[in-house]
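Okay, here's the structure, questions in a sec.
Letters A, B, C and D mark the chains as written, and numbering starts fresh at 1 in each.
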Amino acid sequence: MIRYNDLAGKKIGRIEALSDGVFAIALTLLVLEIKVPERPVHSEAELFSLFLSLSPKFLSYFLSFMTMGIFWNGQAVQLSYMKTYDRNLTWNALFFLLLVSLLPFTTAFLGQYTQYRFALLLYWCNILLLGLVLYLHWQYASKKQFIALDAGAFPTIDKAVRSRIVIAQVLYLAGALLCFIHVYLSMAFIILVQLNYAFAIISGKGIQKKKD
Amino acid sequence: MIRYNDLAGKKIGRIEALSDGVFAIALTLLVLEIKVPERPVHSEAELFSLFLSLSPKFLSYFLSFMTMGIFWNGQAVQLSYMKTYDRNLTWNALFFLLLVSLLPFTTAFLGQYTQYRFALLLYWCNILLLGLVLYLHWQYASKKQFIALDAGAFPTIDKAVRSRIVIAQVLYLAGALLCFIHVYLSMAFIILVQLNYAFAIISGKGIQKKKD
Amino acid sequence: MIRYNDLAGKKIGRIEALSDGVFAIALTLLVLEIKVPERPVHSEAELFSLFLSLSPKFLSYFLSFMTMGIFWNGQAVQLSYMKTYDRNLTWNALFFLLLVSLLPFTTAFLGQYTQYRFALLLYWCNILLLGLVLYLHWQYASKKQFIALDAGAFPTIDKAVRSRIVIAQVLYLAGALLCFIHVYLSMAFIILVQLNYAFAIISGKGIQKKKD
Amino acid sequence: MIRYNDLAGKKIGRIEALSDGVFAIALTLLVLEIKVPERPVHSEAELFSLFLSLSPKFLSYFLSFMTMGIFWNGQAVQLSYMKTYDRNLTWNALFFLLLVSLLPFTTAFLGQYTQYRFALLLYWCNILLLGLVLYLHWQYASKKQFIALDAGAFPTIDKAVRSRIVIAQVLYLAGALLCFIHVYLSMAFIILVQLNYAFAIISGKGIQKKKD
């Protein structure tokens, strides 16, 4: 019985390594889209404006990178609390990685067709599914008692992990709904939410505080 | 002697890391094929139908992802039971990875020439070889007594690992033979088999049950 | 409290694995640019000159590889001294990886527009930001007492890590300023600085010496 | 002093992870070259001959995969015997990885210009440098006493590692020299040498035997 737990513990390491590989590729996929232009230029100013013409691709890359950073962290936190793992969780994680590797596509699609609601809703749909799969990941692991926390510490962290996902997804939904007013408003709101999660990280400290 | 086992144990970690790398790339190779179309569109409906036109590539991606998930799991389970490893197993694993990295090609080939038996048989051939190499991996490791299981637990898990591969391959063969009736029937059957292995995972629980 | 440190310790492993993945891809991105020409040739001499025509791409690849090797080492050394990690450091590391994955672009941009100051300043800007983010990584970790060194050993290694970054960045700045005399002079100087850091590694030994 | 060894030990893990990443990418780079043809076909036979027309690319891929497997194993064995590591070894390893990532290029170059001696000598040059850098890796580590073997076991394994590289490189040189008789003879000989190292692995058993 102890032996089996050890083996399963090792499997978490495998899913972590596979995730790091898929994220590493997904994180750099959109860079591949930024090709150095081979147009001849005749002055510094011309080269500068050529570079500026690439800025939508850089913005798109930055947005995609930030979103993936958020979900990489989200998955990493959950995995760091798990003491064991099973095949259902593995397939949940694989489906999560499938959605991660689609993110560069939906981001580029949004970058190409910014003025259309469909492009925005597709992008939002990708983020929604990522959140949903991640929520089910935690939900299933809690139910099966795979979380390596004693009865005292569990409720606090359980609540922190769940509410983080729910609040983020409510904000994304609100952002998505804004597209019925104007698509750019919707985009701006979603980007602000992501900037908040990337730069003003609150949940990490939150768990620590509640523990004291 | 103990020292040598330690060193060999480390090598399993290396083959696991290399496998995770190759799988991570193979898992995302077909995403690279899904390019954002740069055609001008004039309405939401037009954009939606443009997106729908990409659906065969998404299906092909999903199929390839699922197949690779199945074989990643299959290899992970075997590696998790091994206490040592040698060069013959390493080359078996490398050949396995070669077949893994060919899977995006044979999947895309099938996606391009769906109506031809040859495309289907090529795809099946790839899956057959993956199963065969994985079977030999376990076969060799059992014979050399590289499996980290005592005499009591070994037969149950040995049988579970072997029968899983054999049953799956018999089903794939049946699917492949259906192509002499109709290629699409054959494809549908193989996809169903893979959906079954991805979503109704039975072997994990099976091992657990037989242990009790 | 001890439990939390264990979990956080694991997270350093994740950021290391993600970094290795991103670096591995970034290290090989510029190789993808070196395509085998498909022009017909009629003699050994013609093939040789065809190969020589690719040499700027090989040089560009070598330069990019060397720069990335330097920053990979720089990050690896910092991470190897850390006993714990938090979300702020994780986002610092993610931003570092974003800059790493932009390096193949700025290098190729410089390779394409060698005679322009703007291309050189863009490349320098990338290196400057890499250095800055890495400096802040150490700065933050020291302030939060995340460094796994006792009070005796800390000052020596702290000084070595900081001065390494500062001296390198001063040299890069000097190189960048040379572009107002001539762009090629500037490039040559920066390449020499990088060759020095790649081949005449002094900081590793420096730390050892000061300890004795 | 013990603390420093621990930190350095961790660095071997980093170089292993980076190597696995670069090898995983290099192993799959040539697959990216095998594009599914989009030509319309009208019969099974036509599709089969279209597939056959891709066979030089498959052979080239197989050759490159095999060569990389050999060097991945070679490096893995050396790393598995090392107890510590320094910056000079790290840069040796980085240069090794640079040569690894060039291998898909030199292989494809040989595949494109098979009838020219220059293409074959370039390919051989890549293999020669890989062997040389790997030899220096071991040479430096032995001199610095980084090898985790006691005085009794060291000479046997030291001799096995060195002679493996030297014999292989002598065989490759012999193969390369054959190109002055005929390029195809040279290629065939080198492929046979690599097939031998991939399938009839002798050094692993060799070490074991000498130990008894």
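The rule we apply is simple: contacts are C-beta pairs under 8 Å (C-beta built on N, C-alpha and C of every residue); 3 or more make two chains touch, one makes a residue touch a chain.
Just so you know, these numbers come straight off a predicted model, no measurement behind them.
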Determine whether subunit A and subunit B, two copies of the same sequence, contact each other through the same residue numbers or different ones, counting it as same when over half of the numbers at the interface appear on both sides.
different
Mapping subunit A onto subunit C via their CA atoms needs a rotation, nearest 5 degrees, of 90
Between subunit B and subunit D, what distance separates the C-alpha centroids? Give it in angstrom.
26
Can you give the whole-Å distance between the Cα centres of subunit A and subunit D?
36
Touching two or more other chains - residues of subunit C
17, 20-21, 24-25
So in the complex, the part of subunit D that touches subunit C is made up of which residues?
3-4, 7, 10-11, 14, 17-18, 20-22, 24-26, 29, 86-88, 90-91, 94, 97-98, 101-102, 104-105, 108-109, 111-113, 116-119, 122
Taking the complex as given, what residues does subunit C use to touch subunit D?
16-17, 20-21, 23-25, 27-28, 31-32, 34, 36-38, 41, 44, 47-48, 51, 62, 65, 69, 72-73, 76, 80-81, 153, 198-199, 201, 203-204, 208
